[in-house]
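Letters A, B, C, D and E mark the chains as written, and numbering starts fresh at 1 in each.
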Amino acid sequence: MKATRKVQQILANYEGENPGVKGNLCRMLMEGRLKGTGKMIILPVDQGFEHGPARTYGPNAPAYDPHYHYQLAIDAGLNAFAAPLGLLEAGADTFAGQIPTILKVNSANSLMSSTSGKDQAVTASVDDALRLGCSAIGFTIYPGSDRQLDMFEEIVEMRHEAASVGLPTVIWSYPRGEAISKEGETAIDVAAYAAQIAALLGAHIIKIKLSTDHLEVPEAKKVFEEQQIDIASQTARVKECMRSSFNGRRIVVFSGGAKKGEESIYDDARAIRDGGGNGSIIGRNAFQREKSEAMAMFDKLVSIYKGSE
Amino acid sequence: MKATRKVQQILANYEGENPGVKGNLCRMLMEGRLKGTGKMIILPVDQGFEHGPARTYGPNAPAYDPHYHYQLAIDAGLNAFAAPLGLLEAGADTFAGQIPTILKVNSANSLMSSTSGKDQAVTASVDDALRLGCSAIGFTIYPGSDRQLDMFEEIVEMRHEAASVGLPTVIWSYPRGEAISKEGETAIDVAAYAAQIAALLGAHIIKIKLSTDHLEVPEAKKVFEEQQIDIASQTARVKECMRSSFNGRRIVVFSGGAKKGEESIYDDARAIRDGGGNGSIIGRNAFQREKSEAMAMFDKLVSIYKGSE
Amino acid sequence: MKATRKVQQILANYEGENPGVKGNLCRMLMEGRLKGTGKMIILPVDQGFEHGPARTYGPNAPAYDPHYHYQLAIDAGLNAFAAPLGLLEAGADTFAGQIPTILKVNSANSLMSSTSGKDQAVTASVDDALRLGCSAIGFTIYPGSDRQLDMFEEIVEMRHEAASVGLPTVIWSYPRGEAISKEGETAIDVAAYAAQIAALLGAHIIKIKLSTDHLEVPEAKKVFEEQQIDIASQTARVKECMRSSFNGRRIVVFSGGAKKGEESIYDDARAIRDGGGNGSIIGRNAFQREKSEAMAMFDKLVSIYKGSE
Amino acid sequence: MKATRKVQQILANYEGENPGVKGNLCRMLMEGRLKGTGKMIILPVDQGFEHGPARTYGPNAPAYDPHYHYQLAIDAGLNAFAAPLGLLEAGADTFAGQIPTILKVNSANSLMSSTSGKDQAVTASVDDALRLGCSAIGFTIYPGSDRQLDMFEEIVEMRHEAASVGLPTVIWSYPRGEAISKEGETAIDVAAYAAQIAALLGAHIIKIKLSTDHLEVPEAKKVFEEQQIDIASQTARVKECMRSSFNGRRIVVFSGGAKKGEESIYDDARAIRDGGGNGSIIGRNAFQREKSEAMAMFDKLVSIYKGSE
Amino acid sequence: MKATRKVQQILANYEGENPGVKGNLCRMLMEGRLKGTGKMIILPVDQGFEHGPARTYGPNAPAYDPHYHYQLAIDAGLNAFAAPLGLLEAGADTFAGQIPTILKVNSANSLMSSTSGKDQAVTASVDDALRLGCSAIGFTIYPGSDRQLDMFEEIVEMRHEAASVGLPTVIWSYPRGEAISKEGETAIDVAAYAAQIAALLGAHIIKIKLSTDHLEVPEAKKVFEEQQIDIASQTARVKECMRSSFNGRRIVVFSGGAKKGEESIYDDARAIRDGGGNGSIIGRNAFQREKSEAMAMFDKLVSIYKGSE
């Protein structure tokens, strides 16, 4: 399928990358109802690992079934579906070729003691991603954790292997750990820094959280104030994060966090759109609602990203 | 031997998996007195490693002999026999091809200090499993331990290797360690979480413990209460665990723990059956009784799983 | 994109195959103007290798440029484009993700002496296919050649490697060589035999030539006559070839050979359609015409395969 | 050093190739007196292997010394110097970084019986090229030889390895062997075919011989005549060869063969220039003359390629 | 391009090193406006990793774009451009072959807790450097850190691998950590020691900071005083550092640190020049100014290093 000019412009930023990686990026950008717009909505379902099944699927019981998520992503016309190994395998044959998948290759969980450090286990491989026909791998890093350097080394190796076989890498860059306060985890200076680190590590797609106007690092705070960098609105903060992602040369999607009101989700999407972000990665806010509600929400989000609302 | 419709339905859930893995799952499901029912009884004998010989075999001296266990599993018409390397090797030739075996590839023991962390040693390989003609490998993880991430990385690699040569993986998912209270080890929220983790790690068969109605993790407790998830009876709790195993798309067997009264064992089996579980994995409660008693107990369990008692 | 029931039925025939391979088959079947119909038109451009540039591109000079072929395949809404390494590379970045590509991994040429045997050189690897983002590899075998056994061993190894990383294999099964007469190369018994060999070697897609009613092998001739196998029409012969491809469980596309009249091409397509074949692989008959003529021809072929003409 | 627009246009044709390969192509195109013009003159010194020392260096004794050739290439302001392993090693340290070098990785010789087949030995590796700081590897193929398929397989593997570490591949495509007459070795249809084969095998730079208006292959002859392809002049024939090199998307340099008169060399260069070729690869015609004469000749060639003569 | 006598003298110090490594050193020494002088100015842009994007690029917004830095290095006629993986990749194709690049293969960041130790993550490989066409790899060590021994072992392994494929290694030798006071980080005895350690680890180019006349280590202080080593001026201290770098047998470049006044930068350069140093590595002082100012500054620095100011 012929790629739109917009998509071709985005792909051109991945210069020097092989056609396999670009082809898979194209595949995700040309899928679903936002195809060709340069915008993306991704459904991530790794919360069963992170928070346990009841907290994750309990609010909407059909979501206990892996097929539910594949079907939701397809029916809602999303760009991609991301999940850990076992969950992807549980529907990989039924839905083969019907929706681009992202294999989340590392995972943490809630049954970790406060002294064990912020870290994740590598739970899948690039070989798994090829075997399952995935379009990308996904990996979480924790800038701010005392384990971050090890995590960086892990993803750099996996990214190298993945790219060599034509698979792009999505980095979930989530600041947390010993060096950062709770409030700092979503501070704008830290969010922009997290985006920059992911970009420098070679992420093809960067996933960060929407941020607040808090400034965590004193030296950064000083620069934000001196340079009068606008961080008053969410739109302004998205802009700063895009600028920190090689001046927009990398695809950045923003996550919404725990379930919240719909209007708030739509406002987020408008800010992402107006700030030049590439889209949303929405998990619990989608699959913890009844399917009809989730479908309506995605429908509205598509309209927003298309610019009509 | 033609697989029953029930067994074919179960195998169909392992979609995308190769015929080698499915063939071995079929072999276990079509073995013994429960063949074709979709139910399983497995005899595991790794307690000599975990607790030492006297605590394990002392109550029934013939059980010191590895052949005793092979013969018991065969005579009782069980689906499979699981044990560590040395024990399997000690009867592997005599009983070659007579009972599906599961090579337990990691093991802990009781001679570990309280500060050494909850972990196990990898004590056998996929090559060993092939050489010994096993039908699966078995691996224990400890969600809640500070060593859990390493354990996850180990099993993910071994599972990948095992599946690539047609061997399914059974994960013993036993919560314990720094992040969990003693009572929490069998809490229903934790048990269901343990099942979910095993499923996400790619287990073909999940082994967990029967649980209590305790709720360990505050955030989970809140959801169980809000969503009014029924955990009053063992049957209800088995249902919740099956739901947490990809909505029943994975085979789950439940272990009984230390030796206890027969009626209690039968009640457990009825709860497993009525909650949609796939069966029992019974070690000490079998081989610590005299063989005739054990045979009678298995006879009764078979009846229960067939639905007639 | 949701696959049609027809495509899902076709994919179900590739049982035991991993989701990666099925996903790529789906990708080709769900591409272009025939998407979802189970029919395919593929543009192959390896004749520059086989016959030299002037004989190949001379009749339509723009075809000297590799981009011409990518663009033609995209503009005509075909299912896939097949070519050797260098030609694919020359447009792989510009057209990344826009049309499924098949990397032809072996090639012969016309500068071979009559005594050198019918063989091809392996000119690309599975790694190349991944790096270039291809959807499949393609390989030619010559049943009937004294080198055929070596060719079979080559493709079986490459197919194994390709499938393990999610890439299907297309086998060009072209009878020729010491064991076969010129007329026998297109004999129906030989064509059906060539299809059967490709299927047995594990081809995911089989490419054979349309055949004549000649019967080459005396023992085969006897059976065709005894069993009164209908080979009178091209439709009947296509049916026999499909039957020989695991009773239609494998995708089979038919090639047309040197440039010829349009009506003849359309009659071929109708026979392929009516005989249950999966489509056409058309090279010289496409790119040796002016682009507007080629586009009109593909338009007509699409209509024929959709059943309307 | 900033690359000229002309050089950037050439590099853009190597789409999908990594920056290492492009960087080395750029390095050669931006070296010497023709830097930035898109034209190249390369000094190849592998004739000592091919014809023996006396036939090679005898006419100009200083040429027995490897340093002579390095110095000549540097002093004349050429783009690159190509030679086999030992010869490059003999000056690699002295001239490190001063002239791009091409490691000729296979070689034939004149001490081969007429029955041993047209083939070459692989006499150096990609590792050698990196260790010696080379800018490319060079490899000879003999289309027309009964050994050609093996040669194709060798170069395809080496090219893959070389490109993965940032080294371009120059293919010397020299038709000869059982399938071709002596006159056919330089026939225009065969020369264009040789260029096409090199391009399809993935050559980054193609080296072929200037051709005659002879047409060797009957089927090709027919097309040349039908399509009225102009082959009357050397300029026209260079054009046909460029067209056969992916419509000019690949760099093509032409060799001059045995020593001949200067005017003839200059006429060749003018034809190469006017036909759109990228330059000359001149060995014996350079180093078999006295250095002052060779310098004067190169000076003249540079002027021709710059378009002023 | 013929190397100057000065450059050849410098290369001769790398005796026993292969021509690939020397060729790349030559390439950097023969690039830009200082080519052939033995002096170098390098633009390093890894501060986005070290300090975050706002602190790094905020003062000069165009610097958020990776292309800005490539272009600045080229336009200013510098010798090389150094950056981490992601940043180099973001312009590697556009600027392929136009400026020697140094791949910074390890990186720290500011989101590290005070208890996590002074260390860096390895974020790129030698393979990456080859693929991207780099002329060297760069690696930071922290003499004085509790992690320094691990860092030494990492770089020694990478240096070995890099040199074997013709890539020189630049060591950023930055004293810091548990064993050193804040003032000691730039003490002359420590700076000279840092240079010596880098040289002993096999650095081809050593990068250290300009130092103060503070003496940190008591035993060293004693010797400096006894031997009356001149450390009064920056020029004298540069001399001491060069002496400590194998008596000037290794290339040493000095970094300037945070943005400061221009005159101070020029004085530094004069001291480097007069003390026998090889040049400056200037990041923030360049790209945090407007481009026109940065260009003027580089222009002045070139003049200073050429000896005319």
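Rule of thumb we're sticking to: contacts are C-beta pairs under 8 Å (C-beta built on N, C-alpha and C of every residue); 3 or more make two chains touch, one makes a residue touch a chain.
Chain-to-protein mapping (UniProt): A, B, C, D, E = fructose-bisphosphate aldolase.
Just so we're clear, the structure is a prediction, and the values are computed from it rather than from any experiment.
Participant: From subunit C, which chain is the farthest off, judged by mean CA positions?
Facilitator: The most distant chain relative to subunit C turns out to be E.
Participant: Report which interface contains more C-beta contacts, comparing B-C against C-D.
Facilitator: Counting C-beta pairs in contact, C-D comes out ahead.
Participant: For the Cα fit of subunit A against subunit D, please give the angle of the superposing rotation, nearest 5 degrees.
Facilitator: Between subunit A and subunit D the superposing rotation measures out at 180 degrees.
Participant: Need the CA-centroid distance for the pair subunit C / subunit D, whole Å please.
Facilitator: Distance between chain centres: 36 Å.
Participant: On a C-alpha centroid basis, what's the spacing between subunit B and subunit D, in Å?
Facilitator: Roughly 67 Å, centre to centre.
Participant: Taking the mean of the CA coordinates per chain, how far is subunit A from subunit C in Å?
Facilitator: Averaging C-alpha atoms per chain gives centres 39 Å apart.
Participant: So which bits of subunit A are touching at least two other chains?
Facilitator: 15-16, 18-19, 92-93, 96, 127, 132
Participant: Please list each pair of chains that are touching.
Facilitator: Applying the touch rule to all chain pairs gives A-B, A-C, A-D, A-E, B-C, C-D, D-E.
Participant: Can you list the subunit C residues touching subunit B in their complex?
Facilitator: So the residues of subunit C touching subunit B come out as 15-16, 18-19.
Participant: Touching subunit A in the complex: which residues of subunit E?
Facilitator: 48-49, 51-55, 57-59, 61, 64-66, 84-87, 89-94, 96, 107-113, 115-116, 119-125, 127-128, 132
Participant: Could you list, by residue number, the parts of subunit A that touch subunit E in their complex?
Facilitator: Subunit A residues touching subunit E: 13, 15-17, 143-144, 146, 148-150, 152-153, 156-157, 160, 175, 177-180, 189-190, 192-193, 195-197, 199-203, 217, 219-220, 223-224, 226-227, 229, 240, 243-244, 246-247, 249-250.
Participant: Report the residues of subunit E in contact with subunit D in the complex, numbered from low to high.
Facilitator: Counting only subunit E, the residues touching subunit D are 1-3, 11, 18-27, 30-31, 74, 92-93, 96-99, 127, 130-134, 164-166.
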